[in-house]
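Look for chain A in each of the two complexes below; its partner is chain B in the first and chain C in the second.
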Partner chain A sequence: MDLLLQLAINGIANGSHYALLAIGFGLIFATTGIVHFAYGPLYALSAYFVWMSVAWLGLPFVAALVAGVAASTVVGMLAYLWLHRPFERNQSPAFVVMIVSLGLFIVVENGIGIVFGTDTKVLEEVTYGIHFVGDAVISELQIAQVVALVLIGAALALFLKLTNYGKAVRAMTDNPDMAAVIGIDTVRISVLVFAIGSAIAAIPAVLVLIKDGATPAMGFSAVFVAFVAVIVGGLGSIRGAILGGLLLGMVENLGMWKIPTEWQSSIAFVVLFLVLLLRPNGLFKGQ
Partner chain B sequence: MEYLIHILVMMCLYVILSTSFNLVVGSAGLFALSHAAFYAIGAYASAILIIDVGLPFPLPLLIGALFTAAIGAVAALPALRIGGHYLVIVTLALQVIVLAFLINAQAITRGPAGISGIPRVELFGLALDSPQRFLPLAAFFAAFCFWIAWRLTESPFGRALRAMREDEEATKAIGKNVVYMKLSAFALSAGLASVAGALLGRYVSFISVESFTIEETIYVLAMVILGGTGNLWGSALGAVILVSLPELLKFVEMPAEIADKVRQILYGILLIVMLRLRPEGLIAEVSRAAQRLAPVPAGEVPVPAIAAATPAGEITVSGRGLSKHFGGIRAVEDFDIDLTAGTITGLIGPNGAGKTTAFNLITGFLPPTAGTISFRGRSVAGRKPHEIVRAGVARSFQDLKLFTKMTVLDNVLVALPRQSGDGVLSVFFRPFRVRAEETANIARAVEVLRFVGLEDKAGETADNLSYAEEKLLVIARLLATEAEVLLFDEPLSGLAPTTLEEIFPVFRRLAAAGKTICIIEHNLDVIKRLCDTAIYLDEGRALRKGTPEELMNDPELAGRYFS
Partner chain C sequence: MLAKSMKPLGFLVLALALSAPAARAETYKVGAIMAMTGAAAFYGTVMTRGAQLAIDEINAAGGINGNKLELVIEDHKGGKPQPAVSGMNRMINLHNVQAVLSSFSAPTLAIAPIADEKGIMVLNGGGVSAKMIGASKYLFHNRSLATDLARALAVRAHERGFERMAQIGIKDEFGDSVIAEASRIWKKLGHTVVATEQYPQGAINVDTQIAKLRASKPDVVANWGLTNEAGRIVKRMRDLGMKQPAITMEWGKEAKKAAGGKGDGTEVVSDFFAVTDDNPWGQRFAKAYKDKFGEDPEYYAANYYENIFVIAELLKRGAPWNGAAMAAELRKNPTFDSVFGGKMTYQSNGVAIKRVGLFVVENGDRKFVKLTSTKID
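The block that comes next holds the complex of A and B.
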C-alpha cells in the first residue's frame, strides 16, 4: 500500500512534468501545424543555459531562471522566424517543415554535446527538502512540479480565454485559413505561440535540471513524451495536453508496481497505440 | 585498399537503406521515423535465426524481411487509417520501443552487449570473411533491392502512388484504396531495410543497438533528401556521397567523439540547406516520356467501355432523407434524390446550398448525419469512397484535382478499373499479366481521350493544358473509372460558349449510352439545353424538382434565384 502511494506521488509529479512539456509543444503544434521536433533539444538548451549561468557565470539561481526563460523564448521565436517561416512562405509541404525541424533537432543536440560534453550536469547550488506522507516520500521539487503545472496551466487558459491575442490563437487553432480571412495576422500569432511554448518549456527544463541533472539526450525523450501526451489527450486543447501528460506519468509509475522498471519507457507506446486504435481523436476531446 | 573496399560495402548497405526509405518518403509522400528500427529488426532477427535456430543462408535474411514487413504493417495500420501526422508519432514510438526491447529482452537479444560472433556467410565453400569477399554479395543485394523498389515505382502501383502523392482525395475518387497503397509501400520499405540489417550482421559479425538509433534514420533521411525524393537513382547517389563524405572528415584532427557529433551536425545542416535551396535534390524527378501509343482507327469514336447494367429509365442512385450537419450548420437537410439511367439531372441553387455536400454524401466522402443512400437498390451506407467508385458511382471535383505533374495519358490510365498492377504482389509475381493488361489499358485510355477529343495531348503534362482541356481531362478521367453513375461538379463553368457547344454532345452521348449523369451547374442556359430534369436546392433542402422549363417558370424560384 505504501509502495502504491509512493508510486502515485511520483506519477503525479512526473505527470505534471510531462504535462508542462505537452502544453508548450501542443500549443505550437495545434496553432501552427508544425511538428516542432527541435522543441526537445531547445528545452535541453535552456537547462544548460541555466546551469551555465549558475555554474560558470556565478549568477544567483533566480536570476539564472529568469534569464533561462527569456533565452528560451528568444531562441524559440528565432527557430520559427529563421527556420520554419521561410518554408511556410514557400508553401512547402508539411513533411518538409518536419524534416527541417528534425535537422535543427540534430544540430542543437550535438552542438550541446560538443560545447558541454556528454556527462550529466547537476546544480549542486540548489538544494531542496523532502517530506514524509506516511512511509512515502514527497520532495519539495515534486511539489514545485505540480505547482508549476497548476500556475502555468491556469495562466495559459486565462490568456487564451480572455485576451484578444488568446482569442486569435484559438481562432487559428480552429481554422488557420479562416483566421487569416477575418484579419488575424497568422505570422504574428505563430511567433507568439513559439515564444509562449518555448518559455513554458524552460520551466520543466530547470526543474528537471535540479532533480536529475542535464544531458544532451534529454531533449529526445522530452519531445517524444510531449508528442505522445498531446496525441493521447487530444490535439488542440490545453486540457487534453495536461490530462494526457498526467495520464502518461501515472500509467508509467503505477505500472512499475507490476512491470519491471526497464520497460517503463515502453508503456507510453502501448498507451499511444491503444488510443490510436480505440479513440483516434484523443481521450479527452470533444466531450 | 581493403579500407576502400570496406567503404564500398557500406555504400551497398546504405543504397539499400536510402532507396527503401525513398519508397516511403518520396514515392508515397509519407514521413516515418522508424527506418533504423526496421534496419535493427532485420539485423537481430537474422542473427538470432542463424545462431539460435541454425538456419542456413539466405533463409534468416528472407524470414527476417517478412517478419520486419509484418511488424511495420501492424504498427502503421492504425495511424495510416487516420492519416495526418499520426504516422510520425507512431513510428517515433516504434523506434523507441524497438530499442527498449533490444536492450531489455536480454534472453532473446543479449541486451546492451549486443550479439557478437555472428558466423560469416559461406558460399560455395568460401567464407566471406573479408571486405573483398563480401563485396560481391553486398552488391548483389543492393542491386536486387534497388530492382524491387524500381520495379514498384515503374508499375501501375507506382503510378497510383504518384497520383496519391499529388492529390489523395482525387485518388480515392478514381477508386484507389489509399490505405492499402500506403500500407504496402510502408511494409515493403521496412522489409527491404531489414535486408541491409541482416547483411550488416553477417559482414561485421557483431551488432548492437548503438548502430540503430534515431540518428541513423536521420542519416538515411539526409541521403534521400540530398539525392532527391523524386527518384531512386538520387537516393543511391545520396548514399554514395554521404558514406564517403565522413571519410574526408578523418583528415581533420579531432577526438573521435567530437568528430561523430560534427558529422551529425553536418547532416542536420545538409537537410536544412538542401530543402531551402534545392528541395528537388541533386537528381530531380524526370517527367516520364509518353508511352508509344497504339494507333486508333479513324472515324466516329465509340462511347468507351460502357457496362450499363441498369436499363434506361430506371433509378440507379436513390437518396432518402439525407442530412449533413457541421456543428450547428445544416449543409444538407432532409434531401431526397433519385437519379435515373440514361438521363441527365441538373443540380442548381445558390452558392452554399449544399450541392457539393450532396455529392460528398452520395460518394461516401462524408458520412451523412441522417438518411440512406442506395445504388441499384442496395444500401451503400458506410462504404468507403473507393468502394463506391468500384461499385459504379463516381464523382469529379469543382476544383478539378487533376494530377498536374503526370501526363494526360497517365491521368486517364491511373483511373482505369481492375488493374492487377495496382496490387504489389501481382507486380512481382504476375509480371506478364500486368504487362499485357498495361498494353490493353493504354489502348483503352487512348480511346477515352479520343472520345473527349484530347488524344493529341496524351503525352503532355497535365499542367500544360488550357483551361478547357483541363475540363475535358476531368471528364475523361471520370469516364475511365467505367462507373455507371457519373456526378460532375461544375464541369462546364468558366468555358466559352463555342467550347460548350463542343462538349454538350459528350454528355448527350454518354446519357444515350445508358449512363446516369448528374451535373452541378449555375448557367441556366446550360441546364436548359443539357438536362432532362433538374433539382433546385436551397439551404440544404430540395425546393423544387421538375424539367428545367418548369423550374424556370416557377414564380417563387424566379424571385429567389433566376432574377
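The block that comes next holds the complex of A and C.
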C-alpha cells in the first residue's frame, strides 16, 4: 500500500507537469492549427533563460523566474512571427508548417548545446523540503507542480471565459475562417496564444530545472508528452488537456506498480491508442 | 668486358634513383564515432576533446615519421546503432580510415562486423558492455568493462556487510549487462537482489523507479547511472527520503552538479585516473586539457587521449597504416604507456587491464580511498 500511495503522489505531481505542458501546447495547436514541435526546445530554452539569469547575471531566483517567463514569451511570439507567419501568408500546406517547426526544433536544441554547452545546468541555490504522508513522501517541489497547475489552469479558464481576447481565442479555435469574417484579427490572436503558451511552458521548465537540472535535449520528451496529452484530452479543450496530462501521469506511475519500469515510456502510447479507439476525438471534444 | 657493359646500366640506375620523388608526408585520418548530439552529447564533447588534444600534440611534435594525424568525427546520436553504421561506412569510403575510436556499447557492437569485413581497428574507451568482448578481432578496449566494474561494486557492497541490494540503471545494452553481472555475482556471494529498476534512454524523471526502489527496502543501492544520471539518481533518492548508501561506477562534474549537493557519501568504483606525482604524463595531459578547455579532464577524455597515442605507438613500431596490421602489431606487443600511470597491457580478449579504484564523494567531488579488488573470495 505504501508503494501504491507513493506512486499515486508521483502520478499526480508528474501529471500536473504534463498538464501544464499540454495546456500551453494545446492552446497554440487548437487556436492556430500549428503543430508547434519547437515548443519542446523553447520549453528547454526557458529553463536556460532562468539558469542564465541566476548563474551569469546574478539575479535572485524570483527575478530570474520573471525574466525567464518574459524571455520565453518573447521568443514564442517571434517564433510565430518570423517563422510560421511567412508560411501562413503564402498559404503553405499544414505539413510544410509542421516541417518548419521540426526544423526550428533541431536548430534550437542544437543552438542551446552550442551556446550553453551540453553539460547539465542546475540551480543549487534553490532547495526544497519533503513531507511524509504515512510512509510516502511528497516534496515541496511536487506540491509546487500541483499548485502551478491549479493556478495557471484557473487563470487561463477565467481569461478565456471573461475577457474579449479570451472570447476571440475561443472563436478562432472553433472556426478560424469565421473568426476572420467577423472581424477578429487572427494574426494578433495567433501571436497572443504563442505568447501565452510559451509563458506557460516556462513554469514547468523551471520546476524541472530545480528538480533535475536542464539539458539541451530535455525538450523532446516535453513536446511528446504534451502532444499525447492534448490528443488524449481532446483538441481545443483546456479541461481535456489538464485531464489528459493527469491521466498520463497517473498511468505512467500507477501502471508501474506491477509492471517493470522499463515499460514506462511505452505506456503513453498504450493510453493514446486505447483512448482514441474508444473516443476518437479525445476525452473532451473541445469548446 | 661485362664490368664495362654494366657501367652505363649502373649510371642509369643511379640517375633514376636520384630523380625519384621523395616520399610525401601523408595524413592518416582516424575516425571517431561519438555522441555529438542528443541527451549524451556531453560524452562526445569530452571524448573528442581528449582525442583532438592528443592529435594536436603528436602533430606539433612532427607527426609520426613525418606523417600527420587528423580526426574525422561521426555522430551516433547518443548511442544509436544505425547512425553508427552509416558513419562508419562514410568514414571508410570517403576518408579511408584504418582506425576508429568508438564509444557506447550499442554503436560499437553495430560497427564490429564492418570492422571485421574491412579490417579496421576499433578502439573503444567508453562502452562497457561485456557483449563487446569478441565482437570483432580488431576491437580493443582501454577501459574496464561492465563485468569488471559490476564485480568491483558487488565486492565492495559485500565488504561493507550488506545483504539486500537494489539496482537502478538505463534500459539498454550497457544497463542490461551491468545489472545482469552484478545480480549474478551478488547472488553468488549469497545475498539478495530485492529490486531492479530501469529507465528508458534519455529519461529525466526517474521518480517511479526510485519509488519502487524505496519500497523494496534495500540495504544498498547499485546506481548504474552514467554522468548526470548518476548524480540525478542519488539526488532523487535523497529527495524521496531514501537514506541507504549508493554505490556507483561513475562520478564526475556532471554527476556532482546533478546531485545538487546531495551526493556526499556515495561510493564510486571506477577506472583510477588521478593526477599524481608518480604520473607525470597524466599531469601534463591534465594541464594541457585545463589550459585548452578551462576545466579538468574527465577520465573519458583521458581514455581517448590515450587511444590516439596507442595508434601513434603502433605506427612508430613499424605497423603500416592498415587496420588489420595495426591490430596484429598490438597483439604481438600488447603493452603501452598509459596516461593513467605506468603501463597498460591488453589481454587476449582485447581488454586492457587498468586499476580500479574505490572513491567516496566528499563535498561533491570524488576522493580516492583505495584500490579495490575485482576478485570474489
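Everything that follows uses one rule, which is that the second predicted complex is superposed on the first by the 284 of 287 C-alpha atoms of A that agree within 3 Å, B and C clash if a C-alpha of one lies under 4 Å from a C-alpha of the other, contacts with A are read in each partner's own complex, and residues count from 1 in each chain.
Just so we're on the same page, a residue touches a chain if its C-beta (ideal position, glycine included) is under 8 Å from a C-beta of that chain, and two chains touch if they have at least 3 such contacts.
What you see is a predicted model, and the numbers here were worked out from it, not measured in a lab.
Participant: Looking at the overlay on chain A, is there a clash between chain B and chain C, or do the two fit?
Facilitator: Once chain A is superposed (C-alpha atoms), there is a clash between chain B and chain C.
Participant: On the A-aligned overlay, A:E262 touches which partner chain: chain B = first, chain C = second, or both, or neither?
Facilitator: After superposition on chain A, A:E262 lies in contact with both partners, chain B and chain C.
Participant: Please work out whether A:N110 is in contact with chain B alone, chain C alone, both, or neither, and reply first, second, both or neither.
Facilitator: A:N110 sits against chain B and chain C alike.
Participant: With the two structures laid over each other on chain A, which partner does A:N10 touch: chain B (first), chain C (second), both, or neither?
Facilitator: second
Participant: Per the contact definition in the header, classify A:V100: touching chain B only (first), chain C only (second), both, or neither.
Facilitator: After superposition on chain A, A:V100 lies in contact with chain B alone.
Participant: In the overlay, answer first, second, both or neither for which of chain B and chain C A:I130 touches.
Facilitator: Once the two structures are laid over each other on A, A:I130 reaches chain C alone.
Participant: One more residue to check, A:W82. First (chain B), second (chain C), both or neither?
Facilitator: neither
Participant: Just one of 77-85, 275-283 or 311-319 in chain C hits chain B in the overlay; which is it?
Facilitator: None of the options clash except 77-85.
Participant: Which residues form the common part of the chain A surface touched by chain B and by chain C?
Facilitator: Correct list for chain A: 110, 113, 118, 220, 260, 262, 265.
Participant: If we count contacts the way the header does, which residues on chain A are in touch with chain C in the complex?
Facilitator: Its residues touching chain C are 2-3, 6-7, 10, 13-14, 110, 113, 117-122, 124, 127-128, 130, 132, 137, 139, 141, 208, 211-213, 215-218, 220-221, 252-253, 256, 260-262, 264-265.
Participant: Report the residues of chain A in contact with chain B in the complex, numbered from low to high.
Facilitator: Going by the criterion above, the answer is residues 35, 83, 86-87, 92-96, 98-100, 102-107, 109-111, 113-114, 118, 220, 224, 227-228, 231, 260, 262-263, 265-266, 268-269, 272-273, 276-277, 280.
Participant: Under the touch definition given earlier, write down the residues of chain B that touch chain A in their complex.
Facilitator: 25, 29-31, 33, 75, 78-79, 81-82, 85-86, 88-90, 92-94, 96-97, 100-101, 103-104, 214-215, 218, 221, 225, 257-258, 261-262, 264-265, 267-272, 275-276, 279
Participant: In their shared complex, at which residues does chain C touch chain A?
Facilitator: Touch residues, chain C against chain A: 37-39, 41-42, 44-45, 78, 171, 197-200, 202-205, 207-209, 211-212, 214-215, 228, 231-232, 235-236, 239-241, 253-254, 257-258, 260-261.
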